[in-house]
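First the structure, in the form of structure tokens, and then the observations on it.
Labels run A, B, C and D following the written order; every chain starts at residue 1.
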């Protein structure tokens, strides 16, 4: 595993847990954790239970005893590491976003396609696909349970920037973060809509906004995390993105990604409306799928609160008895399961880098639309 | 209409509204409003739109041009007025509770039976039966939609006594109010359970509690409503009742009536669990019926939030288009509609005085059980 | 009252009810109901309790004994009637939308301004402003309770067109209806956002969509309402509108109006996010205002479910005791109360025709933006 | 760890996870898993990651290299194992219930008291205390945030016995299971009420019911789990318990434990009403604590939906960033953390065996009350 931030913790938990709850076709060994700061990475190794710590990812990628490279570094380094790993014949699990730029994503996708010819697998870490309620929703939609999809909405809302005095962290600077709410959480919304509908966004019209344009600079002297001084610096990424996309089928999907939804901690709402029913979901209540069935008797129709922890629900075979709630991290264990299953089966795990590239292009088209007075803009697929 | 308190207002609204939204078989004229205080009753007359005001209910009951007597006075006077009215050949609508004592209720029920022989109708005002979501629930249960009922819960929760300094109003004094939470709101819970299941409570075990036993006496000198002086007086009614009843079929139903449920303004929750499904309802969200269908595919089962304002739902033919919410008072208009329909059809409106008598006996059995160390106590039906 | 459709029923209920629950400064007499079909208007008169029926609105507008004209006809006739009434010195209550075109709305607003000079009042019927929870929200925002507004969302979702075989009713034909989801329900969303924030939309970017473009023609021969024959006709209005507006302050507000939200019967959701808190509302649960308070202790913050039926809440003085739910129609009674109060006080009721004109211009700008590839488009205010 | 059923899986997950997310003062090694069936326990060892498997718990308890014994066997064997382990100087974590009988529980508690003198710790596994929302609720109540507690309700509702044809599993036979809904889930409700209020139940009145009294016998020949033959056997435990308890302070707490609440998968609802506020919780939405604050401005009061995944909330320092939901199993990791912390600090973890004994006595008093016609019955504390 390359990287050791928050995502390093969740991925470690997943690598540690998946083999213990699922019957995996291959054994899992948590071999090496890699980071530039030797002391910090050793601390992470000891805490999270990796066998070795290392500071040079190139050496690790070159080792014969390593089969899978899990990349949880910031997006700017994804391309270099992933391409090297794929060329070295390692299966790659890469955290989202695939890359910070479309250009990098294109090279990565090409490398993944080439590696695939040699039986090397690559997977992009959109774990929300593996929240059981959402996997279940996808299955129901694919089975025609809500009929023909006619409208889609997705919104990802957080509130950690509501305070205008919150400091100018690295996530608010374009050169470091690449993108703001659009890339960070809007990317999840796009991926989910495409996952649930099985369709792709082909054109977009959108607006990007930086609600608070200057924030206190974080100074080392302040000594207190999250507290800046008097100096103000520019926020150079969006903190609100509102856009509408057209899917292959012609259906419209509306999107919102915001860090200013006061009181919404991690609200990812998706609703898919069809001719025969609808599904609705909110990540703040992640074990629940709301299902509306237009084929029920007219006087009995209503959104049903399906608690997705029952026998027959996706991934539940590994966990606790019916009615015992799962949390955020379980999607990561499901991701490990599906990756190991795919490697063993010689099949491609989903989503692959091509899907990641497409998602990246959708976000790029939103940026271009926003720069063109919100004009409809084609997603630039090959 | 005899009486002019809060119930006078809602009944007036219902008499005024029902003929305007439903196609009633008989015309409705709001003839006389009666009260002891000539000035106050005249003010109520003018405000609510009655043709005349009067101070002697006996004279009104004797008038030939009056067909229906609507009794909204305190419970202690129900028996005398209702019996006189029935004997004078007037149809009677009587607010709940039927009476303050079982003995009075028995005489009233006998009078109603006698009057019925002469084609005179009587009806007791349990309007929650006519909230469309609850009428719909009853219909679904009667149609076998949730299979055989196996367990029932009902709780009526308010919070207007939470403050220990709230004054000793007349409602907290047994000689004036007759009963506390048990009679006032517990009676609704009992009626609803019997209405929904079509069964009767036959035995009970219960507890009555007065949580705050002394409160500031309201003095006229204080001059400010709701603010008492230093003097404390005894609360002589219960403010919390918890009891369990056995229905005809042997099924257990649990009940709670409380004025100490902090934050619950008017929460009347009912849940009926059956072999094939369940219904759940909360008066704080009164247009919604939650319906669980165990015959749905296993992975799609959940409580469905049915908004009961659609075509085909009970009483909705009179109101607004689908999706437009109704409120508390609409049950009273439905009551007027059903009463007028019954009078025109020569049939008995529901609930009749016999049902009211039975409900009274259930409450009486709870009081007797509570006084006997919570021992199981038979409802004393004839 | 001119007109006798669904809005005629709700307005009649309001005129009948408001004087009975509020202490109005003027008496209300329900004088004349007007419609072109003599038989139908007489039936409406009898049903709803108007003193007279008439077929010529011009004669009625000319009568000396009429003080207020209430216009509930289709939008295409609003201008002619309202202008005539205002010129005749009658106070006017006009259902929304003000008119079907901006040009008509401009003339109406000019007429209202001229009449105002002579003490004649005009009011536009956006009754959702008078749902107590929304009035309360406006008051809280105006008092600074949620700090500075930073983002706004509004969506009005219905589902009555989900079935592709639903017939081509007059509401789906531009020459008859003027507009589709945008004008019918999107107009409510725009009005509410402006009402809650006290700000105006100045620029928009938007998309209009007709999801199902052909539907069965309703033929008289089919003889069954809502059932068409084999012949298909074009739907010539939008059934989905998605747009984003910029308010005076620079804040972005996102809007959705759809008739394709399967399972959403009358979902009007509004959320206003501020620096110190947020409010959220849903018309399907109309007695509840969700209030988030960022000034509460950090570990106790959450959206509070405020049941807006308590003492101190707007309009509640007229209704039932705390905790007794109100419904859709009560907003109309509040409208009557506020109109009569304003007439008596010699002040202008809100919203006036100028606000209606502005709202109309916002919708017009959305149409122009949609026609210009979603480009940002200025609202064409004077 | 002794035992390897469902609880073995969750405890293993906790022992594996806690040291990786929390900074524990002692290292954790997963040494030996013990079970009678050598093959099955070896499979569990391999799956869950224990170093060794063993079949004789007495040998394991005697080993010098073992510090903690974790007992996850059925209740009937708790006493023997726990007492042996405590006498051998091992710290003991024992799954609930403490024992199947009060007599056994008394001996265990005595053994724990004796061991405590020698610095040996014992802990009972009521993990719901460690769901962050409930720990937070306890902290708020203890800090006086809701004032003086005036009423308490707790209900644990499941629905796995709704089908009358569900087979007669060992859990429905008194000789094997000891108790039914009362002991299995009612015990949780009692523990939570005592935990939240800091008070003890001193007297009870209650009802026990077996709703379906005969069920198909599971035969080995049927060969299919959960499918019985034609033969019926008696259900010898309760499947519904309804009881009311009086706390030290005199406050009444009502309880329900049922396996017949159709559609309720794992609904553990608790509500504590106080003079200044209230808390409400439902295990089906376990990251949420509802908090009502009567000290807020009157028109702004409502139950606030506090998402308990924020900085400052209990146990959250170990997990993911704000807004990322936790699941059922996390309480077990918190339990491990608190146990290891207590061992290192030389303090007693909570709840201890004495609390378990008291809880057992409450359940015993309910059984005695039910057998005495629901008469009020004292909890038989020393």
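In this text, a residue touches a chain if its C-beta (ideal position, glycine included) is under 8 Å from a C-beta of that chain, and two chains touch if they have at least 3 such contacts.
In this text, all values refer to a predicted model and were calculated from it rather than measured experimentally.
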Most widely separated chain from subunit C, with each centre as the mean of CA atoms: D
Chain pair with the higher count of C-beta pairs in contact (C-D, B-C): B-C
CA centroid of subunit A to CA centroid of subunit C, Å: 40
Rounded Å distance between subunit C and subunit D, as computed from the means of their C-alpha atoms: 54
Whole-Å gap separating subunit B and subunit C, where each centre is the average of the chain's CA atoms: 36
Per-residue overlap in subunit C, given as positions that touch at least 2 other chains: 301-303, 307, 310
Complex interface listing, subunit B residues touching subunit A: 136, 140, 145, 288-291, 293, 296, 298-307, 310-313
In the complex, subunit A residues that touch subunit C: 146, 150-151, 153, 159, 162-164, 205, 207, 209, 211-212, 240, 242, 244, 251-252, 254, 256, 258, 260-263, 271, 273-275, 277-278, 292, 294, 301-303, 373-376
Residues on subunit D engaged by subunit A in the complex (per definition of touch): 6, 9-10, 12-13, 16-17, 20-21, 47-49, 158, 160, 265-266, 283-287, 307, 309-310, 320-330
